[in-house]
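There are structures below to look over.
Same chain, two partners: subunit A is paired with subunit B first, then with subunit C.
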Partner chain A sequence: MHSLIFYGKLTTLCPAAASIPTQRSVADLRTTLMNTFPVLNNEPFLLATAGKMLQADDSLIGNEDISIMPPFSGG
Partner chain B sequence: MNFEYFQRQMALPDWGVQAQMDLQNKSVAIVGMGGLGSWIALSLGGCGVGKINLIDGDRISISNLHRQPLFGPNHVNELKTTVALGRLSEQFPHTQWEAIPEFLTSENAVSLFNTHDLVIDGSDDYNVRLWIDDACKALGIPWIFAGIFQSEIQVGVFHPIEGRSFRQWFGEKEGLEGGSCQIQGVLPPIPAMAAQMQVAIALQILGQGKSPLSYPFIHGNLQSFQFQTLFP
Partner chain C sequence: MSSSPKNIFTLGPITPAFIAESIAKHQTKTSIGAHDLFLGQVRADVKDGHAVEAIHYTANEELALNICQEIREEAFQKFQITCLHIHHSLGEVKTGEICFFVFVSSPHRKASFDACEWLVNEIKEKCPIWGEEKTAEKSFWKENHG
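== the complex of A and B ==
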């Protein structure tokens, strides 16, 4: 399983604590997130784990904690 | 140059006279003169950036005053850039200031940035960040982003022509709203802290020649005081 950590505005749109089954790639991860939390289809966000941003063609080892971070709008 | 004015920062071993002179030859555009932009302008002026343009079409409202240190109750309904120009020109006469009382758009961004070395984002709008990113890509210059959500901050450096692009990182979803300080609320030290981090980065890029690509994307929570850095 991947534990999910939402940030910013996404904390008001998604559950505070959530997890999804282990994904093999970041592309799979993004698809699963969109399907599990449809609101993400309308929001910009980046994915990161352990201090590293995840790129679309990265593979996952399994069971990483995933940060889902939108750009904050306020200023 | 008034060396006595800048003596304390020139005394730093990794700053010195050369960095100070380099900074005096640099030009910065600040987009937005609100909770971020006010602090950015004050600090960059104090440090001795040669030329600073202040870009914002907004007028001062009472709800701005608690976190925007350039403005007072007597300035309500006046243009932010006009009031800021008066205050900053008086306090920091060694900087060449220019007020541009316009909102940034996709149409005017390139022309507003085209004489600058660096753009610093003090806006509160996702679309504006996309337009800054596009214009900086066209001009081949870097820009420094900051965003606020309640007690959390983000700071990041983008240099789109070198492959680090806000649009690429966050996507193409123009028109999004919902995270502004008006809606989410904000305490004054939160944008002040983010702005000072932007300024610290700007000084390193402009005065010390540090690569814009060397910075991580920074997220900080000023309730828990936990910070994390994300590298691409």
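== the complex of A and C ==
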């Protein structure tokens, strides 16, 4: 399982705490997230784990905690 | 190999006293001939007819510190600067208060000007920080526009 942590605007659109079955790649992860949380089809989001951004072609080892982040708006 | 990330976060506003103290600390660094500072201030934009009273900032802190460290290291490679400091608020910052402070020092002014502008743009674009603007009526998620 991957525990999911939503940030920013997505905290108001998605559950505070959620998890999904283990995914093998970031591509699979994105697809599963959009199927599980349909609002993500209309909201741009970036992914990270363990303090690092995930890239589209990255693999997953399983059980990572996943950060799901809308566009940034600091400053 | 990268060094461990420096904290950039301050709970609440960045105070004028803190900024003044930061400047004063550089008086012993006598190779410096120029400082450039950027101060981001919370603006009272009007949303749905109501003025923004504050912005509440949140972040993916671990990721933000790692990214800021990468930006910091790239800045030292790109510009002839002596030192740089990055501070950003978390939690509530009221309109008129400072939420973002970038401070760059160098022997000559051009490097400080160039590095400070580059740093502000990089941090706003790449650091996972979010602002939620609060009016008397409701909240709006802030969006950065260039």
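Things to note:
Convention: the second predicted complex is superposed on the first by the 71 of 75 C-alpha atoms of A that agree within 3 Å, B and C clash if a C-alpha of one lies under 4 Å from a C-alpha of the other, contacts with A are read in each partner's own complex, and residues count from 1 in each chain.
By definition in this document, a contact is a pair of C-beta atoms (placed from the backbone, for glycine too) under 8 Å apart; a residue touches a chain by one contact, two chains touch by 3 or more.
Since this is a predicted model, take the numbers as computed values, not measurements.
Using the contact criterion defined above for the overlaid structures, shared-chain residue A:52 touches subunit B and also reaches subunit C. Contacts of A:69 after superposition on the shared chain: both subunit B and subunit C are touched.
In the superposition on chain A, A:9 makes contact with both subunit B and subunit C. Of the two partner chains placed around the shared chain by superposition, subunit B is the only one that A:44 touches, whereas subunit C remains out of contact.
7-9, 46, 48, 51-53, 67, 69-75 are the residues of subunit A that lie in the contact sets of both subunit B and subunit C, per the superposition on chain A. Listing the residues of subunit B that touch subunit A in their complex gives 32, 34-37, 121-126, 129, 145-149, 152-154, 166, 169-171, 173, 176-181, 184, 186, 191, 194, 216-217, 219, 228-232. Within the complex formed with subunit A, the subunit C residues making contact are 40, 57-60, 62-63, 65-67, 88, 99-100, 120, 123-132, 141-144. Across the interface of their complex, subunit C is touched by residues 5, 7-9, 12, 46, 48, 50-53, 67, 69-75 of subunit A. Every residue of subunit A that touches subunit B in the complex is listed here, in rising order: 7-9, 42-46, 48, 51-53, 55, 67, 69-75.
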